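Both of the next two complexes hold chain A, though its partner changes from chain B to chain C.
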Partner chain A sequence: MSFISLEFVLLFLLCFILYHLVSDKGRKYVLIAASGVFIGYFNPIFLVTALVVSLFTYGVAILVEQAREKKRDFRLIYWGSISCLVLCWIGFRYANRLTGDSGFIFPLGMSFYTFQAIGYLTEVYWEEEKAERNLIDFLLYMLLFMKFLSGPIERSADLLPQVRRLSPASYSMMTYGMRLIVIGLVKKLVLADHIAPYIDGVFSSMHTVSGVQLLMACLLYPIELYADFSGYTDMAIGTGMLFGLKLSPNFAHPFAAQTTAEFWRRWHISLSSWVRDYIFFPLSSVTRRWGQWGVAASLMVTFVALGIWHGAGWTFAVYGFIQGLVIVWELRTEKIRNKVRKRIGKRLFATLSVIRTYLIFAVSLVFFKAQSVSDAFYFLRSISFQTHASWKEINIGMSDHICIVAGSALLLILLYDYFMSKGDLHLRFEKQSALIRWTVYYLIVFAVFAYGKFGTENFIYLQF
Partner chain B sequence: MEKIPETITGANIRKRSAFSRIVRKSVLFAIPFWALIALYIYDDPFMVLRKYDLYDSDVMLNEHHVGWQIYRNHCDSVHFNSFILGNSCTMAFRCAEWEKYLDSGDRAIRLFGNGESMKAISLKLRALDNEGAEIKNVLMILDRTSLSRFSLLNGYGNILPAAISGESPFAVQMEFIQAFAMPDFLFPYLKYRITGSVEPGMKRMNPYGRIRDSRNNDSFNPRDKMIEQEGEAYWENRKKEFPERDGTVVVEEPAIFHNQRMVLDDIMEVLHRHNTSVRVIISPDYNQKELHPDDREILQGIFGKENVYDFSGINEFTEDYHNYYESGHYRPLLGNKLLERIYKHQ
Partner chain C sequence: METTELLEILNGIFRKVLKRDNIALTEDTTAHDVDGWDSLTNMVLISEIENKFGVRFTFREIVKLKNVGDLCHAIMNKTK
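Up next, the complex of A and B:
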């Protein structure tokens, strides 16, 4: 069930009410039951797969800890279990291609919880974390419904302590969570879902549309992806807050980034910090002897892995490769860029850098979105300012109504991001009078109600 | 986010107070929305929540829904086997008139949509097929715009009933609730609710009263009355609605590409299975723009050369402006002539 479905609303309401009515101990069971229903509702097999991975990780972590205490070879257990998790994940990911059975479905959320499991095992292996002995707590850490489908990929140090002492949220935490849910709905329903069909249309008929339509689809897709994924994340974090849980932030106004390296500190933070900590740092310590080439090689491997995490296929590898290549290039040209900054002034340089970073990301996303590498190259080759008939093609088929609604939503979201970057807007907003707060609440909720595009329950990151 | 107050952990704090406060406030906050939804359910302004015997309303209704409901209301008592499909120009074709050219006992119904897309026609035929209907005759009224539309249109006036599109009924109903909540409809509607009269300029309201036959969805165009009353002055007074035509031949851009072709093949697949007698009419466009020859050829290739009748461009039917209500729609007077031409041609 999707966050934007009647079934989820009912499950959430039931879970929310029960959670606040039952005893301290009962809360964990309410959440675990709700998570089980949430996952199993898609397909019971998904629940079984998630449970198997969770139980396996739970057991292996204890084994690693016990083996270390008894001075046995815990490295073998660790590497063996990591290999099992990775092979299992790759197996499911490539099952379609390996078996030739196109009906094979990749279990929802598997990329997220597998990476969470690997992160947890590594923390236990590095002795940064104690292995969790309470099975219910561990299952909650792995399967919590609000972050199960598309993250954030939670670190055990952040989430496990919260899960251990589950308690109801304060009133202000709950209202904060509700506001985040509404903002997520605005991003998803008023922006992403309005423009998505038109961008999809251009990508699916890239051989017949005009150059200017390809250009617009290329420029708009990062906005769609951001609105879709950060909308989901806002809803996940907001839902967590209603249960007194603080999930990790996944986005920090990424389109303000001046370099691609900075962009990845702001975009899908839980994944980029995961690959940094568990792939890049270990790799760069191994390749330290090679100097700058070692850093470059580690970066390339890390970003290709990040790309491949998104799915089977060369398109995702190329997407990651481009990110890695640009970051290596940025490292190598830092001095030149500093000189340019001095010459043209900070402000102009910052503006141009923001635009450059956005454009690089938009171009790389063509590989992310296209069905094949050759399609992506065709798409990029065909981008131009040429039209088939008139300049009206620039709206890629969107009606004036959709342009106005989605454009206004984009503007509001960018303003919201800007003010959030200057300090927590929610906390400042809480200090306003009730009249102002409620007027704004009504306007936003009414906008979602009247202008939201209901009916599409899918999120882009569900496929990963 | 770091600065927000922590979760309640102290045992002395009343744990349910925050919960009951948020529930209280949420209920209070939602009252206007519940009131709106209650009014919507009570009034059912678009006539989509309940079944009705007569689909007449002071509100402009969704024609797909109305057509489908009229079909469902009568299909047990009337053996509909002939279907007029296409865009709003189907208003020129009266079921009784068409039935004259069909086998005796054949009964027709009009299942149209404003600005109809080919995809909607395809889904309607599939839905009829799934219902077990006999699809003996089909009259398709199309133009370039309809031919170019291979995906469904959205908005309350264009969304297909869930029974036809296969979409979730919740999503379909949401579209109507949203249309109801739009300020440009809601405020005039509330005024109409209070005064009981439809004023000119009220968006999405129908000031003309009865505009369709509740047995076969034939159109009653209120302009017929105006023409009857005004005579020749009807066209004299509405010159803005009848732009000048300079008599030069204009061929439109091609409309049928790969995606459109696939939808047309889907349509033909259903018709082929039912051994349907199909007639495709390209409407006589007042602006006298001609359908691209490639499109005509594709249509003839799919439906058969003898079944495609292209009346677009400059011809005897488009020359006389008396045949038109306005530049977008023509009168049953012309519809009858076209039927005569088609069936005499046989």
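Up next, the complex of A and C:
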């Protein structure tokens, strides 16, 4: 059941009405039932897997806490359970490869809720969090339907207190949430889904298309991925707001980043902050005697892990490896960059740095998108920079209509991101007169229906 | 050791590690206030501080440090 489907709209409406009709305690049951239907609708096995992981995590956290209180070996329980979760996740990830492509389907959302479970157990182990004793609250933390498929990967300290005291959303929270959902729809339907088939086409026939088309697909894929994933995230956060829940932000205008290190503080924040807190910090603490080399080694391990999180295969490992390598290089060359900044001026340096960061990310995404490492290298080797290419080559087969629609949507999204970076645009928008607000609402909804590409339900991050 | 004396030594370490001459730490200074003090440089700073004062922090102690004041108290407790 995708966010963009009639089934989801019906489930959402039923859940929303019931949620606002029943008592405080009843709200939890409404949300847990809706989450169960949402997950089970894809495949009942997915629901069973998610329930087993959730119940296991719930029990183990209590065991860790009790063992600590009774001065028993809680470390063994913690490390044993983390190993179980990781092995289980890797087992599901590699099941197809191990069984010779037997058609085994990786349970939807598993990478997200497994990481959420590991994070929660670690917080309990570190005594930063108390083990949750209310099973319904814990199941809600793990299975809430709006963030189940592709995150955000929520922290227990942020979400558990909210699900313990569910309350109806205020009017302004509801309108904020609805606006976010519409913005998510624009990103997904008016931008991502329009350009996706053409970029997919270039990647799937990379051996026959021209070098200029490879270059264009490479440059456009970050935009598609951003529009698709941040569109999903906006819809997830917006849906959460309609139930009075504040989910974690996942993007903070990433294409304004001047370095790759900064980029990863702005891109898929719930994952990058997860690997920072639970992999990089402990590792860099252990290796801190090695100085800069310890940081470099920890960074490489962390980013390769971040890459592997996306899926089985060397392509994702290389994708992560590139990110780590670039950040290490940025650390080592900070002095030189500061000198260049002084020489060419802050503004020009910032512009060039933004472009450089985007290009590095675009190149690394070739490994993320390609079927194999050799395909990715072929893709990059075959890129051509010839300047006399025809418009037909440059637009990778997109019609002028699609170029204009997607181009306009991209411009609007970048403007929206820019103004959001200067302060909450929604709060300023709320202060406008009703005439302005409703004109904008009608225009955007009209644009979605008139120019949106319906019929593609899947989001890229659904596969992870 | 007095806090002011400690802050002077920490200033020196921060300036050396972060390669910036304009750092002036106070007890309320946090990572947000100092250019270059982030998750990537934090452990190098801690390691330098440990070497300077001959102390060793646990990982959880490091994570719980919220500002330079916390760091000063932690160093003073370890060197008592």
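Everything below uses one rule, namely that the second predicted complex is superposed on the first by the 456 of 464 C-alpha atoms of A that agree within 3 Å, B and C clash if a C-alpha of one lies under 4 Å from a C-alpha of the other, contacts with A are read in each partner's own complex, and residues count from 1 in each chain.
FYI, contacts are C-beta pairs under 8 Å (C-beta built on N, C-alpha and C of every residue); 3 or more make two chains touch, one makes a residue touch a chain.
Computed from a prediction, not measured in an experiment: that's the story for all the values here.
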item: Chain B versus chain C as contact partner of A:6, first or second or both or neither; value: first
item: Which of chain B and chain C A:355 touches, first, second, both or neither; value: neither
item: Touched partner set for A:244, first chain B, second chain C, both or neither; value: first
item: First, second, both or neither for A:276, with chain B first and chain C second; value: second
item: Touching partner for A:294 - first (chain B), second (chain C), both, neither; value: second
item: Which superposed partner A:167 touches (first chain B, second chain C, both, neither); value: first
item: First, second, both or neither for A:404, with chain B first and chain C second; value: neither
item: Footprint overlap on chain A, comparing chain B with chain C; value: none
item: Sites on chain C touched by chain A in the complex; value: 19, 36, 38-44, 46-47, 50, 59-60, 62-63
item: Of all residues in chain B, those that touch chain A in their complex; value: 1, 3-9, 15-19, 21-22, 26, 29, 32-33, 151, 167-168, 170-172, 174-175, 178, 181-183, 253, 257-259
item: Residue numbers on chain A that touch chain C, as the complex places them; value: 126, 261, 276, 280-282, 284-289, 291-292, 294-295, 298-299, 327, 331, 334-335
item: Residues on chain A engaged by chain B in the complex (per definition of touch); value: 6, 20-21, 162, 165, 167-176, 178, 197, 201, 205, 208, 244-246, 249, 389, 424, 426-427, 438, 441-442, 445-446, 449-452, 454-455
